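Below, each structure is written out as structure tokens.
Consider the two complexes below, in which chain A is the common component and chain B and chain C are the respective partners.
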Partner chain A sequence: MSDPRDNVQQEFLAEAQELVEALSRDLLLLDEAHQRAERPDSSLINEIFRSVHTLKGIAGMFGYKHVGTIAHALEDLLDDLRLGRTDIGGPLLDVLFDSVERFQRLLALDDPQAPEEAAGVDAYVVAVRSIGAQPPAEEGDPLNQYAIGSAVLSVLTEYEEHRLRACIREGMQLYRLRATFDLTAIDDSIEALRDVVHDDAEIITYLPSLEGGNDESIELVVLLASRVPETELKAHFEGQYGTVEAIEEQKHPPTVPPTLTSIPPGSQSLLPEPEDETAQASLRSLANSVRVDIRKLDDLMNVVGELSLVRSAVGRAVAGLDGDPKYRQSLRELDRLGRGFERQLFELRTRILDVRMVPLGQVFSKFARIVRQAAREHDKQVRLVITGANTEMDKLIVEELADPLMHLVRNAIDHGIESVETRMRLAKPAEGTLALNAYHKGRNVVIEVEDDGGGMNAQKLREKAVSRGLLTAEDSQDLTRQGMLDLVFLPGLSTNAEVTDLSGRGVGMDVVKTNILRMGGVVSIASEHGIGTKITVTLPITLAIIRALIIKVGARLFALPISAVREAIPFAPRDVHTIQGRKVITMRGETLPICDLAPLFGLRAADQQASRFVIVCEMGNQELGFVVDQLVGQEDVIIKSLGPTLSSVCGFAGAADLGNQKLALVLDAPALFSEYFDGGEALPSVEAHA
Partner chain B sequence: MTAGAQRATLVPDPDSGDGTVPVVAVLAGSEIYGFPLSAVREILMPPPLTEVPRSAEHFLGVIAVRGEIITLVDLPTLLKLEVLDRQPLGRVILVDVGDELIGVAVDRVVQVSQLQPDQIEYASAMSADLSEYVIGVARIPSESSSAVDQMVILIDPGALLGGLT
Partner chain C sequence: MTFHTLIVDDSSAVRAFVRAALEDADFARVQEAETGFEALQLLASNAFDVVIVDVNMPDINGLELLAFMKKSPRQQGATKILISTRADSLEAKRGAKLGADAFLAKPFGVGDLRNLIQRLTDRSEEVSG
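So, the complex of A and B:
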């Protein structure tokens, strides 16, 4: 862990991952624009170019030869694209999208130079080269028709020149903006100007003018292209930035055509090259943020945990002094300090948790590519609608969610959304909609994967479950419609018979459910035949620290995450009825199944006469009451895992330190729920622990 | 957890120079077992124990050691030793089994012995049918000269404790 080379390697991988993710996001925007037959935003293409360029640079430094080779080929292709030497189109986009996958695979390799990858990389590079440099039909050079002035034209870079031509071809009007900038803040001012004009106009270039300016300021001539009428542009800029002047189209081209391709060496320093901008941008981002290994945050959290323990120990020591009038004044002061200390601790913990939070958009954006790809493979049209991408969750949960969610997304496209022909026949829009929604609900985050496809056939699911022997025919008669839908979560229901290259990769819905349960979440399903399916995943915002209800069963303490608890009510044994052997109570006119934890855990319950409690818990759309002997109180606890050896013991999510080396096992409410509701008539009887 | 725990267990003490193997000898029931010192992280007085319902009988529960939750295994129960007149927990040794630290409850720690290579008789050379976690036995001369030698059963902690359920 302390090997510096290893750290550097991790740094590289993290940065490369980020670049590839950014690349993937930008490509989707590009694809969207292309689908809508819009002109791709030139700044977007630049963004993509920069990502690839940076990736090439760092891959070279760290010996990721294949990544570097691909990035290099793509860089050429993207350069052709931004210089207008090639046109955007399906094949070009395919090649670009393909690169994302390739980068990710190559970055995951143990050996970044793996010789067996060379052939694939070479083939890909050939494919990239075959697409690049198909020049669009050449027309008369439009630049000559404008009085831009050869002094300006001669210092344009090839890229700026291309943008200028492109803008003219698109019928944009050219303007010359003269503005004075403070020398000390010139970079920021130009950046701000870029932001302002972005919607209205495109900045082709800017040069210092020969007039104007003094020691503190400089006058720049900014060459703008815009669709906005002159008057409007003037209203926007004049006064605030400087004067705007339209560059008229000339009837007679200038007699001396400027040399367009060569850049005089001396003038280059006046014009920032795109390369320089990249360097500046990345330097800035380095200064403002640091990448931190999540384990370091865990360590910090442990320290906070230890601090709280110290705090309660001090509290107990202070309490020992109570009653002595000599100390009354000091005790009051200690008490006040103690509370202040606790507040600060709470603040510290909240801030650390906050650092661990990342927006779900990080994982959602990966799906955009998968959806596009899956839809293409299956010849379906799918529109992905994402809401709540800013919803934040603990980094670990977001990471863990990627696979289960990916499965749900693929399922929705593979089994949910119908082919275009089917949809047309059913008078549905040809394009199916897949919605990924995320939002906060109390202390939980809800994520929905919703499609407007064919929905699930509940009866068919039941028949299949019976034919696979997962359910007896008699039992299946008792199932409600919801019960039949829930069968989809049974292991072994979706089997090889229907494996497709999309969703049948050996993981079924049961694995999705298990993974989400493991994170302390629940999955529920709603589906209308012919209308669509909605899978709802509910998860705690963070795993690390939870508010827990401390309860006593027999003589032992347990912690129950409060996120699952709805209320606690006194338990009256005479209210208990049994329905088919299951104990229930009636609460506010509704029947609530209950589960006595003492026999479940093989513990002897406290005196039956004593007042016991029912803790009503809620998971998804199910309710269950746990009968416990005593409510001890609420506490914020850090859940720690039980370690691999005990992980197979069902019903416990981990252990929490209550101070004084006293541990309470944390009940795994989702697991207990699924044991109770899916585990057959009765919970397995447990031998009392010796 | 320490990476690179020794699964191949009998590692001579690098400082000794003469190939001696340091072993922690512990008493379980009436037998003495030896754990290679290279796999033993710590010897503790038993901290407060939290039992884990529904776990197998050889698991005593979990303990907290410096913020980490450690599973505690009862050595006599695990080895199915008949123990008469069981004493309360004596000592806990923390053993590194590779991916996890496991607490092993023993009645008492006898000593740390430096075994000479010629004191060790490997299981593979013995005709007795021994469990796969027994590497071999070693004879240690008893402290009182009159008594017979003590027999120490050498344990491979990875084989004994790794992948317990």
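So, the complex of A and C:
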């Protein structure tokens, strides 16, 4: 028999990852409540328990021994916590936060059983076990105060029973809400009920009853605890949801322990008689989400691309019939249908893109934990302010962003925000602020990592660059202040000898920049010494499809992502000047460096007499004009990879099919910028070939 | 025989595991429910040979489903397996009283599950036969 683990391994990893992310998010909420000395929400603790509990179960089933061991130790601790046997304290939060990183690392291992990990796991388990439970003070079982009924008690889990006790101890009244739900829409109805109940009561559990139901509907008895008076609760629920009855307090608690198998009061007939076989047909599931490998969405997008080509081909065939009067009526109809088809195709493409979108909050929530941990390790006080967590972008980009952003966040805490003493001395608030902002800007998403720390010292950066031989002293004299700040992105400048645990780890700002560029984005920096630093990352919303300006250089077509284009102006060769070895033109009083694409790609430019154009592109705070022969138009294009053999060719993001058997290479604007500004002289200029 | 089986668990990895473990070589035909509510819908209209339920689920828990099945005429022939973490838990004891035929502790293996079902269904056939 084949081992099903091979087939469902991906399912495991996806769910494990989701659980760890949920754990990370929930821990932050728990920590926030703890810091404010508030009592944490019991349902939050239960969620944390459930994440770890599920992780333990599946880790064991899929051979992730170390993950299972850690989760098991935490599960016991969290079980004590949710059942009120232990309290939240600093040490407990510490081990919990620590677990998130351990889980993530262990899940990423090629060998989930790696023996070299065992010692670390064992040490961690010892640390968890050392946080022992304190037995709670017991004073009689409050469950005995109420006539809850043994049938109800017999189906409660230990946790539900604990919540019931806790609610009674807090002086809440218990109620039974009986309501009948349509089986096909039960999830939505319950969700609606939960929303209504939330402010007024805690739902202990839902008991499916066999009264008053049939194949289409079912009656549920909802066990509630609430502080709201009965009359008010009735006013709220009765009629709309069902009946509400208070569970009476017992004058004389029962002396006999509840039996576990008695029938609920008043329930005799359970389900309707098993009848015709047609009921068998109802096999559909109520699950309303599926996990999809993103490559399947790429495949779908390719099919949409192919369909567009078919549509163009049909259009051409139809056009061939034009002029023949006997087809006039049919041609009009075909034209109308063709436009309708295009609209649907556009809709389809939009929907597929929509499926790929996830909120950036998914990755931001990871940082919240890191900020907390890093601030504590460095004895700094840092407040994290997140805006725009709901900003959506392509799942693939969000995933790829995690590492570069993580580096920026660590950097801000390590090098940016000062220690409490320093800040006090500088009359700054003791608590530093690290802001993560995300927002849409046109077809891009902008993410800012901003701190109110010490800022960067531009002069020092210049000195460092010169001392490391990255720049000659002479060249460094010409640098503007911004130019000096940008030096931080040079390889070898920020990967330095003063490696700290936070932002060290051998990754420099140059790697951050390279990674962002690879995703078609740009990164720019603004910093004031003593005031703070803001790093701005601008990225396309998706890489699956882009709006492009189609241009012609020589006889070839190219597509330039419109997100990079600011404007196009006529090119006048006589306006070209040379400044610091670069060809520039003057546009509205500002100098604009230019790069002629014809010689760059080894193509013969169009007739020098013909009118050519400069496409002014903008990336972060840099501008560059590309000289091209002709503007063809704008088009949404699906970028197809050039394949592994050509993937290393710099300057092209892929190829796009334009229909009519025409193919355009898609220009990689960030790479061209980088090549031009960093590689500088390597690029040919207009006059060199003119 | 091919067992008509329902797995109720809020973990998709567990459901996928159970499905893969049981559908191999046509041992069983598996339907999945992610929540107690989904399970209720399926239980109300299908007769299952085997129902595997996780005890710790939000909203409707595994014990409540066992209590429901105990009274449901359609599920009288079903072999009921309760999944939980510890065999000595309060939930396992309550489950036994609510008619669970067996108790399965997570994590479990492919063999554990198939052998358990084989053993339980053999026995119930003997009893009913």
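One rule holds in what follows: the second predicted complex is superposed on the first by the 500 of 690 C-alpha atoms of A that agree within 3 Å, B and C clash if a C-alpha of one lies under 4 Å from a C-alpha of the other, contacts with A are read in each partner's own complex, and residues count from 1 in each chain.
The rule is simple: a contact is a pair of C-beta atoms (placed from the backbone, for glycine too) under 8 Å apart; a residue touches a chain by one contact, two chains touch by 3 or more.
Bear in mind that the values here come from a model prediction, so they are computed numbers and not experimental data.
Contacts of A:644 after superposition on the shared chain: chain B is touched, whereas chain C is not.
Note on chain A: of its two partners chain C and chain B, the one contacting more of its residues is C.
When the two complexes are overlaid on their common chain A, residue A:636 makes contact with neither chain B nor chain C. In the superposition on chain A, A:652 contacts chain B only, with no contact to chain C.
When the shared chain is aligned, no partner comes close enough to touch A:245: not chain B, not chain C. By the document's definition of touching, neither partner reaches A:463: not chain B, not chain C.
When the two complexes are overlaid on their common chain A, residue A:190 makes contact with chain C while staying clear of chain B. In the superposition on chain A, A:218 contacts chain C only, with no contact to chain B.
The residues of chain A shared by its contacts with chain B and with chain C are 1.
For chain A in complex with chain C, the residues that touch the partner chain are 1-5, 7-8, 11-12, 14-16, 50, 53-54, 56-62, 68, 75, 151, 154-161, 183-184, 186-187, 190, 205-208, 210, 213, 215, 218, 260-261, 263, 267, 270-271, 273-274, 279-283, 285-287, 291. If you check the complex, the residues on chain B that touch chain A are 3, 47-48, 50-55, 57, 59, 62-64, 67-71, 99-100, 102, 161, 163-165.
Listing the residues of chain C that touch chain A in their complex gives 10-14, 16-17, 19-21, 24-25, 31-38, 40-42, 44-47, 55-56, 58-61, 63-68, 71-74, 85, 89-91, 94, 97-98, 106-110. On the chain A side of its complex with chain B, the touching residues are 1, 302, 305-306, 556, 600-603, 640-646, 648-652, 654-655, 657, 660-665, 686, 689-690.
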